[in-house]
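This report refers to the structure that appears directly beneath it.
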Amino acid sequence: MKKIEAIVRPHKLDEVKEALNSMGVYGMTVTQVFGCGKQRGLTGVYRGQEYSINLLPKIKVEIVVKDGLEDGVIKAISNVSRTGEIGDGKIFISTIDDAVRIRTGERGNEAL
Amino acid sequence: MDSFSISELARGIDTIWVLLCAALVFFMEGGFAFLEAGFIRAKNSLNIVMKVFTDCSLGMLAYWAIGFAIMFGLDRAGLFGTSGFFLDGGMDHVQLRIPLYAYYIFQAAFAMAVASIVSGAVAERMKFTTYMIFTVLVTGIIYPVSGHWVWGADGWLAKMGMLDFAGSAAVHAVGGWCSLAAVIVLGPRMGKYSEDGSINVMPAHNMHLAFLGTFILWFGWFGFNPGSSLSGLDMNIARIALTTNLAAAAGGTSGALFTMIRWGKPDPSMAINGALAGLAAITAGCAYVSPVSAVIIGLIAGVLVVLAVGFFDKIKADDPVGAIAVHGVNGTWGALAVGIFAEKGGLLYGGGLKMLGIQALGVFSVSIWAFATTFIVFVILKKTMGVRVTPEEEAEGLDINEHGIPAYTELTAPPIYGSGHGHDSPAGALSHIGNMKI
Amino acid sequence: MDSFSISELARGIDTIWVLLCAALVFFMEGGFAFLEAGFIRAKNSLNIVMKVFTDCSLGMLAYWAIGFAIMFGLDRAGLFGTSGFFLDGGMDHVQLRIPLYAYYIFQAAFAMAVASIVSGAVAERMKFTTYMIFTVLVTGIIYPVSGHWVWGADGWLAKMGMLDFAGSAAVHAVGGWCSLAAVIVLGPRMGKYSEDGSINVMPAHNMHLAFLGTFILWFGWFGFNPGSSLSGLDMNIARIALTTNLAAAAGGTSGALFTMIRWGKPDPSMAINGALAGLAAITAGCAYVSPVSAVIIGLIAGVLVVLAVGFFDKIKADDPVGAIAVHGVNGTWGALAVGIFAEKGGLLYGGGLKMLGIQALGVFSVSIWAFATTFIVFVILKKTMGVRVTPEEEAEGLDINEHGIPAYTELTAPPIYGSGHGHDSPAGALSHIGNMKI
Amino acid sequence: MDSFSISELARGIDTIWVLLCAALVFFMEGGFAFLEAGFIRAKNSLNIVMKVFTDCSLGMLAYWAIGFAIMFGLDRAGLFGTSGFFLDGGMDHVQLRIPLYAYYIFQAAFAMAVASIVSGAVAERMKFTTYMIFTVLVTGIIYPVSGHWVWGADGWLAKMGMLDFAGSAAVHAVGGWCSLAAVIVLGPRMGKYSEDGSINVMPAHNMHLAFLGTFILWFGWFGFNPGSSLSGLDMNIARIALTTNLAAAAGGTSGALFTMIRWGKPDPSMAINGALAGLAAITAGCAYVSPVSAVIIGLIAGVLVVLAVGFFDKIKADDPVGAIAVHGVNGTWGALAVGIFAEKGGLLYGGGLKMLGIQALGVFSVSIWAFATTFIVFVILKKTMGVRVTPEEEAEGLDINEHGIPAYTELTAPPIYGSGHGHDSPAGALSHIGNMKI
Amino acid sequence: MKKIEAIVRPHKLDEVKEALNSMGVYGMTVTQVFGCGKQRGLTGVYRGQEYSINLLPKIKVEIVVKDGLEDGVIKAISNVSRTGEIGDGKIFISTIDDAVRIRTGERGNEAL
Amino acid sequence: MKKIEAIVRPHKLDEVKEALNSMGVYGMTVTQVFGCGKQRGLTGVYRGQEYSINLLPKIKVEIVVKDGLEDGVIKAISNVSRTGEIGDGKIFISTIDDAVRIRTGERGNEAL
């Protein structure tokens, strides 16, 4: 099994979700995170002092799929999340050893 | 039905007026609490509300026990009152149409306000127990003494003819300069100033709370200034209400516009401070100046407060809510402004420098008193029980350490703001915002 | 310009006084709403505000249709009124200087307050539709009947000479003991008490909301008590305002200090309850006692409320906001305190036990009535439409289930608090806090 | 002590009444601010509070400089006033018992309210600088002109006998129809309507803020309507306070019940809008109708507002807070209701259609004026400085872009709500909620 | 070392924690997340418009344990988290290469 | 590629970020989490009842780097995060199979 962790712009969440649903992927876990990368943040002025918001709000979407499905998921997420501007986000892929569905106790691919 | 004499009716009119205005001024405590809580970080925001609440509870008792007597009791040498402790007699020399008890309630709300001004400046680091002691001292002694000078029967400044209608000097300057002394002894919040001298931003955690406080304060000022007439039959109350509101509006406008011109965006926190600065500044002169003068006083206040916030930050007098800039600087400005704009005796109305001189002497005297006594009190408290929480408590937050519970137990509070070293952000960074997509 | 008679002027003074005080008492509904919402968990906090809002809307209509008539209509056997439904005539026996409509508005705000007291106690588990029925019953019948006894023309307690100026018994004790009955029938919130008998903490989700409610309530009490004079020409209003504020200040102070002595830290939620307890307690006697007595009454109230919160938790009467302790216990204390401290007839003023006996009988009678009728109503409602949401709805939160939307849709609410079994924490744990770094 | 004449006493009574009511109406600005901020998304919620604050500050100055003169100055052809700019003389024709300055303060709060109504409708997308210009125009010219027609000395509608006691037409309908024009020119928020025509839900980010605004507004209406008598000696103020409250209660009740019947759950946002709709609707007739009529007017308003919200959403007039439905539709309904329910001259009281016709003409005229001028102003502003922020700024939020700081800097705001295409949820989904455990 | 990531219902957090403690596992990291899977969300009506809350609040508990302990942890979490209704959650197991205790610099199993 | 997950005290975030930046690492993702471990929480009293805050606020910083860089990152984070008191936090290292830069579609080390 593979875990796909995609870090995307917050307002892209709906589109990501719909893209995944439309390819039959329903299970996912979403976390609010803050990120920096090439995109260095923005500068504000508050009470006369400049300050930088250098950690920008992002959304992390985690999807665990059975081996082989990861490329489709990556493509789907990339397509809807791309604006071409810095800050579009990253996707990381890693290996999951096992999965459990708590409700039934099923394990492995059955549990997804 | 009963029948009433004219003077009973007059008494009734004045009494309901003063009691309702007292309610408004009391409500300002909620205004202070939320303004200050909103302006600081979440982890200390319950502590500050508790401090303001202590002003209302313990502070009201202290003003009842001793403060009111020192302020309005029988005069000793123009310096302080000596009778009327616990409101138990000794106030026959006070000639009022309203009952003494109504007068007390109205005045008590002013005493609490002074303490609450200071609570904002010392936010995020002052020990709660020490603050309790200070509240008793400021409502019981520090404010009443200088208050006696200005408003007491035979107070020395009152006798010289100082005009301070509702307390730009007696309340706001006193509160503001007490704050400066307190802040100097306390020192800045951990992390506010970097070792390289740069100033770090600690943004308001909840601007809605801060605006709630502001609307309550402005609302309460309808009682603070007009109510200080102590009579609903004094038709000057209409002018007072007008000048008060125009100065607030002007201060709010100039605070917003000045930050917009200077830094590209109207800063809501400065619009707030601007309106409050306008209010603090018009408080002395509201009964004596024309509407146009009120607008000018307010416009100046709104700019002054922005400059003053920057100045006190530069000298590392860390005041998280701008209390010194709003109340100290603009209370002072307001007291002086009477000498310039008063229709009777002001510089611009041909009165020469005499009134301005008296006003300057007056506000200078009460400010020195406020600063010096607070400084001494804080130094003694520092040496004895300590004025500041430990660095660990400060890092974790005062709420959990001093009260065992944070303000928000379910709404999370992540540190999304970097330390914001102003100096390492390229000046042009602002212009990029338009291109960014989050 | 028109010319007026003395009595027209008197009428005008009284009418504006009562209307403005009615506005203040109405605003207390906002106070109840936010006090209660802040004290409970976020997921149920919109539901409770909607309940208080229902008191204002549906409850005001019920009091207009029937409650006011039952309370102030023509007396039947000292037990209830029988005329004046829908404010449509039948009130000629009420001798007032102010217009009847003004009297209604002022009184309506009191009826809503009783309902809103109960709403806090039943928070986080009572069904909204059932609550609507209850609001109609409490504002339309339960409160008006006992209110008639105390304040109605020829009410039996009124005729015996019971003194309950603004309603420590008629409003607060009634609301508080209604709450106890409701809580007993409803049962505690899921998870509040563990099987092993230990009490789990469910901390206030937003203390700023709770303090906002408190400041509004205190502010509103400037109308609640002084406005009950129904006349701005009664110079006792100054005393009433004074005793009300001193008792609140004393209750807030003793609530904070008592928790500080007992558990090491001043508990903000108890400082709040203390001030409100002081207010509930002084409400009966505000017009009859001296300022010093008011302070004593308030100091006792602030301690009583802390003890009572602990007591009701121990007997598993789960009251998330302390309504029973504040209004039930201290409304009762306040009614009795009149018999002790009243300058005319009180025990300490040589009046012997007679007045105290009448006060005790009075507050006992209205409390029994409130408790018993609410108990019966709740049992019937439980058997018919049900009083409680399902366990699933309770786990998910009432807001999303009963209204389709939570209070906060964007601010996250994670469960950072463990179940807090008080018993398995070593007693000395508190002393470690100073060393911790988060 | 001084002695007073009867007319001085009368003047005093009226003046304190109007000043205290003005304070209440001023406080409504806080109500608008928090109602609107609560109803929209967090990322734009500071911006809207700043806009309302601008109404109070810049708007108050504009009304002082020109608005008041255009509204109440010496009449030109029944269309507008021409004297009294900067409150500097020229108002001798206004025959009042209260001082002119008190009259100004009371009226200024109404002018700000009109601007603040519009601020809600244009929320989440209108540029701040453009809004500043619009505030000046609406408080300085648009509202004052039609206000002159209705309330000015010799205004053409006033002369025809139009009755609009406290401004269902002059204030609410004007504000509401200005809003519609503004919204049409601005266009809907990004993402509000999908390409397939479906409507996406953007839920209120903080319902407690919205309820806070509501309680403040209702409280303020105790000043808005009764204060419009301009006299505390007019005993009709008791009726006005009564009808105002009953209509609010009825609107809140029917708004809640209607949504409960229609969609299964009482919608708190509609209960709020219902109560405000009742208030907007009774504002014209509060002095002229019976309590029963007030209840009927309110009940209708509470249903009307729910229908109107749906209607304007359907025609894609995106109004995040329901300003058009509350103020436009129900202000209009209230003005017409006078023609139906007025005890003197109303249709139901045998007055025939004459009064109804005048009312219809009146509210129609001021609404057209409001709509047309706002439309033109917005088109011009759009072509010149632009009325809308860039799409990037809208996506990121106006707070950070227009003010450099968000409302909440520590409380996180994740997007837990999906885009909510109403159409793809099976109709029966609601019935599953009972089974769910989160 | 293994990382166990359990996604459970929010109100089960306390029980999960106690179950882990009672088997001697104290170290864990908890995150508030939103999830969807078989459980498709609920529908509300706001201002007359239906909307779906399709991401439901969940709690993610992450526990790193030394190899071999994972099955006990999985069983403990499953037991207390199971209600039998859709939405009970998932557990994912993956491999951790190394761990560091910042306070002491210890690495590997010592660091847990 | 390696993923470094560091769980540190909230007030150390700025220093961690600066330490990483000064070694040329800019990409990172930050999450607010709650943790317990050796540090058992603190006890408060609310309305007369003791309660324990046993999940303390922590910050999780995730950094994906190319193989070989992990030790530098670990050292940098450890140095600034160490106070010597219980609760300093943990660092977990795991393997990432692949990475994607959404903006450009680059994969692997290029994407970091």
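Per-chain residue numbering starts at 1, and chain names A, B, C, D, E and F are given in the order in which the chains are listed.
Criterion: a contact is a pair of C-beta atoms (placed from the backbone, for glycine too) under 8 Å apart; a residue touches a chain by one contact, two chains touch by 3 or more.
Source: prediction; values computed, not measured.
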**Item:** Least hop count linking subunit A to subunit C through chains in contact
**Value:** 2
**Request:** Same or different, please, for the subunit E to subunit F contact, judged on whether over half of the interface numbers appear on both copies.
**Result:** different
**Item:** Pair in C-E, D-E or A-D that repeats A-B, with over half of contact pairs matching by residue number
**Value:** D-E
**Message:** For the interfaces A-E and A-D, which has the higher count of C-beta pairs in contact?
**Reply:** A-E
**Prompt:** Can you give the whole-Å distance between the Cα centres of subunit B and subunit D?
**Reply:** 32
**Computed distance of Cα centres, subunit F from subunit B, in Å** = 43
**Asked** When the C-alpha atoms of subunit A and subunit F are each averaged to a single point, how far apart are the two points in Å?
**Response** 18
**Prompt:** What parts of subunit E, by residue number, touch at least two of the other chains?
**Reply:** 10-11, 17, 30-32, 34, 42, 44-46, 53-55, 57, 83, 85, 87, 94-95
**Request:** At least two other chains touched by the same residue of subunit C: list those residues.
**Result:** 6, 9, 13, 16, 20, 203-204, 206, 212, 263, 265, 267, 269, 395, 400, 404-405, 408, 411-418, 433, 435-438
**Item:** Every chain pair meeting the contact rule
**Value:** A-B, A-D, A-E, A-F, B-C, B-D, B-F, C-D, C-E, C-F, D-E, E-F
**Request:** Please name which positions on subunit E make contact with subunit A in the complex.
**Result:** 2, 6-8, 31-38, 40, 54-55, 58, 60, 74, 77-78, 81-95
**Fill in**
The subunit B residues in contact with subunit F across the complex are 395, 400, 404-405, 412, 414-415, 418-419
**Prompt:** Can you name the residues of subunit F that touch subunit B in the complex?
**Reply:** 10-11, 13-14, 17, 30, 32, 42, 44-46, 53, 59
**Asked** Which part of subunit B faces subunit D closely enough to touch in the complex?
**Response** 6-7, 9-10, 13, 16-17, 20, 24, 41-42, 95, 97, 203-208, 211-212, 214-216, 218-219, 222-223, 226, 231-233, 235, 237-239, 241-242, 245-246, 248-253, 256, 263, 265-269, 271-272, 275, 291-292, 295, 408, 411-417, 433-438
**Message:** Residue numbers of subunit E touching subunit D in their complex, please.
**Reply:** 9-11, 34, 39, 41-57, 83, 85, 87
